[in-house]
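Listed after this line are the structures, all set down as structure tokens.
In what comes next, subunit A is part of two complexes: it sits with subunit B in the first one and with subunit C in the second one.
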Partner chain A sequence: MVDFLQALVDGVMLGATYSLLGLGFTLIFGVLRRLNLAFGPTILVGIYAGSHVGLAWPGALWAVVAATVVAAILCGIYVERCSFRALARQAPVVSMISTFAVWMQLQELVSLFEASRTMPYPSPAWLPALTVGPILLRSDALLMWSGATAIMLALFVLLYRTRFGTAVRAVADSSEAAALMGVNVSIIGAAAFLLASTVGGLAGVLIAQSQQQVTPYFGLWATVKGLTAMLLGGAGSLPGAVAGGVILGVVETQTLWHFGGQWRDLASFALLFLVIALSPRARSEPTL
Partner chain B sequence: MLAIEGLSKHFGGVQAVHRVDLQVRGNEILGLIGPNGSGKSTIVNVVTGVFPPTEGRVRLRDRDITGWQPHRVLAAGMGRTFQSIRLFGGLTVWQNLWVAQKAKSWLAVDRASMKKIEATLEFCRLRDKKDELARNLGFGEQRRLELARVLAAEPDLLLLDEPAAGMNAAEIEDLRDRILALKQRGKTVVLIEHHMELVMGIAERVAVLNFGVKIAEGPPAAVQDDERVREAYLGHRR
Partner chain C sequence: MSDYAVSLLVRIGVEAFVALSAYLLLVIGRVSFGQQAFFVIGGYAAGIATALYGAPLAVGIMVGAVAAGVAGALLSAVMAPVGGIYFAAGSLAFGELVRVALLSFHYQVPVGADLTGPAGADGFRGVRALFTGGVSATAFMLAVAGLVALTFLAIALLLRSRWGEAMRMVGEDETASASLGVRVRRVAALTMAGAGALAGLGGGLFVHYATYMEPGHSDVMLGVHSLAYAFIGGLGTPLGPIIGVALDIGLLESFRFLAGYRMIVFGGLVMGLLVVRPRGLLDEVAVHRLSRLVAWGRR
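And then the complex of A and B:
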């Protein structure tokens, strides 16, 4: 029972970062109706930038965070210009294939310039671990969960309590009607992209400080986790992406505890397949 | 107020609208009628920036707005409703208006904007529904919300694309009063409608389209007596 509870708590904490990745995917998919497969690699570049800053200025954690987020945002702008704005009149599948090409570009760039391939990422080592009864709450996991929760709350306030957020949701609902009601759909699309990149960069900080290292394959990992969280939550629903991330985290940690690490990804992909196959919601139109 | 000059719109080999000239005067109610497929909605879509014209110009208060994007057309003072309702179903009634209204802030709600939204909801009899999701409203309420939403943007010229479609007699009477009230408030209205009684009852002038071409224009009584209009609606006499 303790093992189950411990895995559940670990899953919820890990799942909070998956939720952030899922929210990033959902923002772009919901507003632009196009998948951004390069979302993970933009975070990868951000984390590598943060890693370099961490090596150059040990202890300057805020500089590491800023470098990670800014680099992720710059990469996000690059993806938006290359694969979305330039191809806005093309079919969505063209944009998606273009984001796959950008993904490969970014991953190869990182591999080319990083001889060691695996880079360290600083972590706030002074944070203490907590124990609640028999449950251990690791400091990095606590930071991951609390940071992700704070970012999600801020994002939900922005999207559900401001006119900007209402316009974003209106565009997701009907971009043609929104344009005819005075909303500049291109600007809202770019803003949603920027917001998603910011959320992705912050998610990258939280994940990398927990793993304390990064490899060029982080991009693939982040894309798969974010896409899975979004699809589990219904493809286009912001609350759904949050729930999808947490479910994914819990399934992974429970599988890890009870069956071993080699089954972890298989279990989450099996769950994803079942949800897509059985739930009409996962195949529905986005409604932020 | 609005000048449509030699407007054509072709979709591939299909001429949806062909060299249409139309003037809309300030503070008038102009009826735009025609059988199904005559090009009425295409004209609305072209002048509001949904499609670029194949040829011709659109001027709003002497400004050439041809090919402008829809949000710029609305900012210039021309708004529209839709033939098939296109509300933001996942937003509340109030939020539907909040998105459309002219407000400086993209974050907070200012007092002036709030008052305007409340007044528009009152005008369209939706005040008690303001916190409901648009998708949960009844059909007549959704039609009123479409009107309220475009009014929130404060356009001077309104293009109402079949606003009476699907309404019952009482709702059409209510719509009629609302359009007349808009005229009293200084708005200009172009009424694209199949409901002849409504159009002929309130329009000061009527323009008739058939197969993408304007075949008649004038006071309602004169248009009703026009032989070409009768042919368009009833077919050729044998």
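And then the complex of A and C:
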């Protein structure tokens, strides 16, 4: 029972970062109706930038965070220009293939500057671990959860309580109708992209400080986790992406705890496959 | 011909099958990130047939293609009605499921002095039918090239037939084609089985050339690459994906002097190409013009 609770708590904390990745995916997919496969790799570049800053100025955590987020945003702008704006009049699948080309570029960019395959990432080591009854709350996991929750709250206030957020949700609902109501669809699309890159960069900081290292595989990993979180919650729904991320996190930690590490990925992909196989919505989706 | 050139051509031929497999699904409007799974299923099945049960090379490769085709048909029971981003994600999940499952797939049989067969994460080693059969690398390369040419012809003829017409209709608009009497579910299921068999054929050829295969060959990057090939070479003809493979492998090899910048240059080229020609080099318009040119030349 304690094992189950411990795995549940760990899963919720891990899942909060998956929720952030899922929200980043949903912001782009919801507004532009296109998949950004390069979402993970943009975060990867951010984390590598942060890692290099952390090596150059040990102790300057704020600089690490700033470097991570700024690099992720710059890469996001690059992706938006090359794969979305330049291809706005083409079929959505063309954008997706183009983001894959950008992915190859970003991955190579990272390996150009790497000192070694695995880069260290600083974490605030002074935070204490908490114990609540028999449950242990690791400090990095706690930071991951509280940081992700704060970012999600800020994001939901922005999206549900401001004029800008209303415009974003209107475009996501129907870009034609939003355009007729005087919303500048193309600016909202770019803004959603910026917002998604910022959320992605912050998620990258939280994940990297917990893992304390990063490898070039992070790009693929983050894209798959974000895509899974978005689809588990029903593609395009913001609260759904949050729920999807938490479900994914809990399923992963529970299988890790009860069955062992090699089943962790199997369980998360089986979950995604089952949801798609059983979802009535998947059957009514138009082609990409 | 040098060994290096032969191995390069075999690689192009093998990947052309996976690219054609992804192309067939694109024709019916499905974007698949999972064709690498069928590549590996075909490779394992073909390897088991020849290395473990002593089947002749050609029979083994057929077994691989059939096994992957059956796997495609089974998957279509679940995925045939699924479209759009869900098909893409579902095929990705399927590909990764196969990869992870193979990590713990052990099936070893004593052959001669030692155990042979798939050994989990260590992969499937010792598939030597090509060498024990005395087939030279050049002869094998020619056989692969012949198979690619045959497959191209078969797909080109298929796409000109009533069946191909139905496939293209499904790719354009499922609701409209269903209302015109096209059995959408059946077209999708048969295409998925055929696409699986094609990728499996590539896998069966690969495993015998390389003498081994491992779960890592079901990397999602293979699936996404083979999807991109059609968009580089052109969606207007099944020649497109083959050209895409040849361009990718050929260009990357000739970019060796750019060590460290290859993918940056190549990614940039693909990105630029998609802006100028969003449906690839040989898109429908280019194919139409070329065929008119040929017809005019004949007059």
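In the analysis below, the second predicted complex is superposed on the first by the 279 of 288 C-alpha atoms of A that agree within 3 Å, B and C clash if a C-alpha of one lies under 4 Å from a C-alpha of the other, contacts with A are read in each partner's own complex, and residues count from 1 in each chain.
Here, contacts are C-beta pairs under 8 Å (C-beta built on N, C-alpha and C of every residue); 3 or more make two chains touch, one makes a residue touch a chain.
Everything numeric here is computed off the predicted structure, so don't read it as measured data.
A.B. asks: Figure out whether A:Leu231 sits in contact with subunit B (first) or subunit C (second), or with both, or with neither.
C.D. replies: So A:Leu231 only meets subunit C here.
A.B. asks: In the overlaid three-chain picture, which partner chain does A:Leu220 touch, first (subunit B) or second (subunit C), both, or neither?
C.D. replies: In the superposition, A:Leu220 contacts subunit C only.
A.B. asks: Which partner chains sit in contact with A:Met104 here, subunit B, subunit C, both or neither? Use first/second/both/neither.
C.D. replies: second
A.B. asks: Which one hits more subunit A residues, subunit B or subunit C?
C.D. replies: C
A.B. asks: For A:Asp265, decide between first (touching subunit B), second (touching subunit C), both and neither.
C.D. replies: The answer is second: A:Asp265 touches subunit C but not subunit B.
A.B. asks: Answer with first, second, both or neither: which of subunit B and subunit C does A:Val185 touch in the superposed model?
C.D. replies: So A:Val185 only meets subunit B here.
A.B. asks: Hey, what residues of subunit A end up touching subunit B and subunit C alike?
C.D. replies: 287-288
A.B. asks: Quick one: which bits of subunit C touch subunit A in the complex? Just the residue numbers, please.
C.D. replies: Subunit C reaches subunit A through residues 29-31, 78-79, 81-90, 92-94, 96-97, 100-101, 103-104, 171, 174, 220-221, 224, 227-228, 231, 260-264, 266-268, 270-271, 274-275, 278-279.
A.B. asks: If we count contacts the way the header does, which residues on subunit B are in touch with subunit A in the complex?
C.D. replies: Those in contact with subunit A are residues 48-50, 69-71, 74-75, 79-80, 82, 86-91, 95-96, 98-100, 102-103, 105-109, 149-150, 153.
A.B. asks: Provide the residue numbers of subunit A that touch subunit B in the complex, in ascending order.
C.D. replies: Within the complex, subunit A contacts subunit B at residues 162-164, 166-167, 169-170, 172-174, 176-185, 287-288.
A.B. asks: Which residues of subunit A touch subunit C in the complex?
C.D. replies: So the residues of subunit A in touch with subunit C come to 29, 35, 37, 82-83, 86-87, 90-91, 93-94, 96-98, 100-105, 107-109, 111-112, 220, 224, 227-228, 231, 235, 262, 265-266, 269-270, 272-273, 276-277, 279, 281-283, 285-288.
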